[in-house]
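Labels A, B, C and D are assigned to the chains in the order they are written; within every chain, residues are numbered from 1.
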Amino acid sequence: MGMLKGFTVPKSPFGQAALTPPPPWHYAGDAVGVEFWTDPDATAATLPTGLMQDPKSNGHAVMMFLDWQFTAQDDEHLEPARYQYREAFVLVDAMYRDVPVMWCPYIYVDNDAALARGWTQGFPKKMGSIFQTRSFAASGPAAAPLAAGSRFGASLSAHGQRLAEACVTLDRPVENGMALLSRPTVLLRYFPRLAAGYQDKPAVNELAMSMTDHLTVAGAWIGTGELNFGDANGEELRALAPNRIESGFRYSLSYSVSDLKILEDRSS
Amino acid sequence: MGMLKGFTVPKSPFGQAALTPPPPWHYAGDAVGVEFWTDPDATAATLPTGLMQDPKSNGHAVMMFLDWQFTAQDDEHLEPARYQYREAFVLVDAMYRDVPVMWCPYIYVDNDAALARGWTQGFPKKMGSIFQTRSFAASGPAAAPLAAGSRFGASLSAHGQRLAEACVTLDRPVENGMALLSRPTVLLRYFPRLAAGYQDKPAVNELAMSMTDHLTVAGAWIGTGELNFGDANGEELRALAPNRIESGFRYSLSYSVSDLKILEDRSS
Amino acid sequence: MGMLKGFTVPKSPFGQAALTPPPPWHYAGDAVGVEFWTDPDATAATLPTGLMQDPKSNGHAVMMFLDWQFTAQDDEHLEPARYQYREAFVLVDAMYRDVPVMWCPYIYVDNDAALARGWTQGFPKKMGSIFQTRSFAASGPAAAPLAAGSRFGASLSAHGQRLAEACVTLDRPVENGMALLSRPTVLLRYFPRLAAGYQDKPAVNELAMSMTDHLTVAGAWIGTGELNFGDANGEELRALAPNRIESGFRYSLSYSVSDLKILEDRSS
Amino acid sequence: MGMLKGFTVPKSPFGQAALTPPPPWHYAGDAVGVEFWTDPDATAATLPTGLMQDPKSNGHAVMMFLDWQFTAQDDEHLEPARYQYREAFVLVDAMYRDVPVMWCPYIYVDNDAALARGWTQGFPKKMGSIFQTRSFAASGPAAAPLAAGSRFGASLSAHGQRLAEACVTLDRPVENGMALLSRPTVLLRYFPRLAAGYQDKPAVNELAMSMTDHLTVAGAWIGTGELNFGDANGEELRALAPNRIESGFRYSLSYSVSDLKILEDRSS
C-alpha cells in the first residue's frame, strides 16, 4: 500500500490509469487565430494579482483555435481516440513586473488528458467543442490550400452553445513565424480547498510562466480575420468581444513541455 | 486587478465562468450497482498511504452507475445541458485506522463541472460515457418498472472503449436503503507540481473523507447482478474484475455537499 | 449471396448490424413541452403537398423534448448506450382533408437507431443534443418533484449551436393526460434520387400518418411555459419562433409502433 | 403549401434545413488504410443479390479510416463544426457481371450530413467515432511526418465499443497513388416500408455504382499494417476479421460527386 504511481490522479498500481502520462509532453498542431483589440477595462478585469495592464497595448488580445496531436514517451500519438484533441483559448496582453507577457483567462479542450495537463500548468481548461477548417494535400474545392485568398473557419462551443466563431483569409506567408509568438504566457495554477471555512483559501495559488522546448513554427500565413463571441450562462468570454480586428493568421507549430517556472506563490 | 472570483478556475471578473459554482452542492440521482468480490491483492494495490486492507472484507467492492442532477444556488438544475451528468465508479473496502471505510480508486463522469467538483473532493475523475436503464412511469415493454424481475443494464466507456458492463435483476425492496451506504468514503486530494525537479513532490496530497448532508435513499431494491470489466490502454480498472458477485441493487438518492474532512496532509 | 437480412441498412448475414431491429418497436419516456402560437404564414410555409392550414388554429404549435427508452424483441432497453436516446421536435396544426392533424417539420435525436426508425416513418430526423430537467424520487433541492411550482428546463442544440430553450413551471395535474395527444401526426416519407437528371424526382415521396399502439400517458401536469428559438446556419426552426405561449406541460408516456398508414403516394 | 425545398429531409421553405445541401458535393481528406485477407465465406455472405464473389481474390478486403472536409456550393468547409467529419469503412472484392468491383458492407461516420448523403448513394452509414493519427508540418516527436518508418494509428468505435483498431507503418512512396483505387465501388440503395404487411417489400432496393469526378490522390505511401476487429452487440464487422495483412497505406485524396449509376432496380 502507498506505492501508487502516476503524475496525476487517478494514482494506480502501475501508473497507467493517470489522466496524463508524465512529462516531457510533445505537441504538434495547426493554429487558426485572430489578433484583435477589445475594451481595455475588460482585459484588465481578467488579470490576477501579480499582473498589470500593458500600457502600450491595453486591450490587445489573440483568439486561437488549435488541432493538436500529443505524445509522451509511449507513442501516445498512435492512440488518437485518447490523445488527439482540439483547443481554443484567448490571450490578453499584460505586464509581469517589466516583462511584456500574455495572460490566458479562458481556454477550452475536448479531451480530459489535455484538461488535466492544462490544470497542472495553470491553463484554466474547461471542456468545449472546437473545430477549424483544415488544409488537405489533394487539391479541389474542399481542400483549403495554403494560398492567398484561402479561407479558414473556426468555432468554439460549450454545452451546446456557440461561444466563438472566426474566419481567417490568408494574404501572404510570414517570413519569421516565430515572431507571432514573441511574448511568454503567464498562467495561474490554482486548486481550491473544500473544507468548510477554507473555501476561499486555495491550497495552490501560484503565478506561473509557461516554458516550451524546441518551439517550431512552419507554414505561417497572415491575412485578415473575423471574430464574434456569443453569450452563454456560465461563461464570461463575451466580455472580451472584439472592437477592432488586427489580423488573421494560420500556422503549424510544435513544442515540448517538461518544466514550469513559478513566478509567485500565494498558496495559503 | 486581482479581484478575480470563482470557486475554481477559470477565475473571472464576475465568478460566472468557473467550472463549478461554489458549494453547497445539491445532488439527486438514480443508482444501479453491483456488489462483488475481487482479488484482495488487487484492491490492496489501489490503496494510498494511510489506508489499510479491511481484514474482514478483503477484496470486497462495489461498482456504481449514476444518473445525476445537480444544482447549487442558482437553479442550475434548469440547465441540464450544462449541469446534468452521468457517473460510474468503483469503491473498495478499506480501513482508516480503526474505521471501516470505502476507497475510490477510479471514477468517470461525462461533464466537466462534475469533474472539477470531484477533483476538489479527491474523486480522481476522468471523462467517460455512462448509461443505465431508466424506469419510466408509463407502463409498457420499455418502461423497466421497479418490480421483482425487472432488469437494469449499465455500461461505462472511455475514449470509445467499453470498460464495464453490468446488469441488475430486482428481487425485493430494501426496507432500509440507507444500510447500503454504511461506510464513509475516503478520497485522495492530489495536485502535482510541474516544475522540473518537483514533479514527484505534489503541491496537494491529502487524505480526505467525503461528507454529505441530508443523505436520502428512496425506492431501494436488491437482487442479483452481473458485472464485467474490459481492457483498455490507459486504464487499470480491469485488475479489479469480479471473482464473485454478491448482489445487484438500484435506488434513488439525494444529498448535499458543503464540507470535506481532511484526514492527513502529506502535501510537500 | 443475396440472403442479406435486416429491416434497414446495413443489410447483413445475420441481420444484427442493421441500424434498428425490426418492429414492433416499444417506447417509454418523459416529455417536457410548450404549446404556443407563431406566425400562421410560417407554419403554413412548412406544410407539404396534401396538407392545408387548419383555419381554426392557424399558427398553433407544440415544441416537445423527450427522454426515451426503446426496446424491440431482444431486450434492447438493457443496452442503454446503444438504444436510449433524447429527442426534440416541433408539431404544427394542419388539416388532412377534413381531419385535424399535426405536422412535424423539424425533429432532432441523439442516436442513429432512432434516426433510422424516424426516416422510415417520415420523421425528418437530424442529429442534435437534447436535455431536460428530470424528476428524481429522493427529495432535495435538485430533485424537481412533480408538484405545483416545480420547474423543468429543456434545450436543443445542433453542431454546437443552441436551437431551442424552454422552461416549464407545473401548476396542476391533468385528469386526462391523453387529451394532450388528441390529433394524429402526419409525416412525409421521402428518399431522393442521386442519379443525374433525377435529383428532383424522389424515389419515395409519401404522405403518411403515424400509428401507435397501447398509447399510455402517466403523471401529466400542466402549467406555464417559456420558449425561445435561436438562429443557426443550416436550420429554419427559428422561423417558427413563438408569438405567444399557451401553456407548458410534462408527462410520461409509452406506446408501440408496428405499422404506418400511407395517405398519399407521390413517389416518382 | 407544397413548395418545400431541399435535397433531403427535412424539406423546408428555404431548403436550408435539409440534412445536406444538394450535389455537387466536394470532398478532400486523408486516408489511413489496411489491405487484408479474410475468410472468403465471410465476404461472400455480405454480398447482395447481383454481386458475385471474385474468384481471383476471394476474401480480399480493405479497411479505411478517413478524415474528411466537405463543401457544396456555399462554402460549407468554412463551417467545420457542421460539415467536417470522420469515416471508417470496409470494402470487399466482388464481381458485378464481368466487372471487378468492391462492395461496401459496413461504414461509419460521425456526422449526420455525411450519413444522409451516404444513404442516398447506397453507403449503409451508421454513427461511429473515428480517429486517425495526423501528419503535421512542424516537426517533432508528435508530428508523424510522411517518411519511412512513420506510424499512423486509427480506430473505430460505436456506442462506446471499439470495433476496429489499425496501425500503419510507412515504407515507401507510391508512384501512382491512383492505382490504390482501381476498382469501382458498388452500393445498395435501400429504403424499407413500415406499413404492416409490406415490411419485407422495400420501397427502394437498387444496386448502384459510385461515380466520382476529379478524383485526385496525393502523398501516397505504402508499408505494413496491423488490423484488429472487436466484437459488439448490434454489429457484424467482426466476421470479417483479418487472416492475413497484405499492406498498410496512407494518402490524401479529393473528388466530387454529382451522379450515381443505377445498375439494377429491385424496388418492390
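We take it that a contact is a pair of C-beta atoms (placed from the backbone, for glycine too) under 8 Å apart; a residue touches a chain by one contact, two chains touch by 3 or more.
In this text, all values refer to a predicted model and were calculated from it rather than measured experimentally.
Hopping across touching chains, the smallest step count from chain B to chain D is 1. Placing every chain at the mean of its C-alpha atoms, the farthest one from chain C is found to be A.
Counting C-beta pairs in contact across A-C and across A-D gives the higher total for A-D. Inter-chain spacing, taken between the CA centroids of chain C and chain D, is 30 Å.
Note: centroid distance chain A to chain D, computed from Cα atoms, is 34 Å.
Annotation: 39 Å between the Cα-based centres of chain A and chain C.
Residues of chain A found to touch two or more other chains are 79, 81, 129, 131, 155, 157, 160-161.
Here chain A touches chain D in the complex through residues 26-30, 67, 69-71, 75, 77-81, 84, 129, 131-134, 136-144, 151-155, 157, 167, 214, 216-219, 251-256, going by the rule given at the top.
Here chain C touches chain A in the complex through residues 129, 131, 155-157, 160-162, going by the rule given at the top. Chain D makes touch with chain C in their complex at residues 1-2, 4, 7-14, 16-17, 19, 22-23, 44-53, 79, 81-82, 105-107, 111-112, 115, 119-121, 124-127, 159-161, 188-196, 199, 203-204, 206, 233-237, 239, 257-262, 267.
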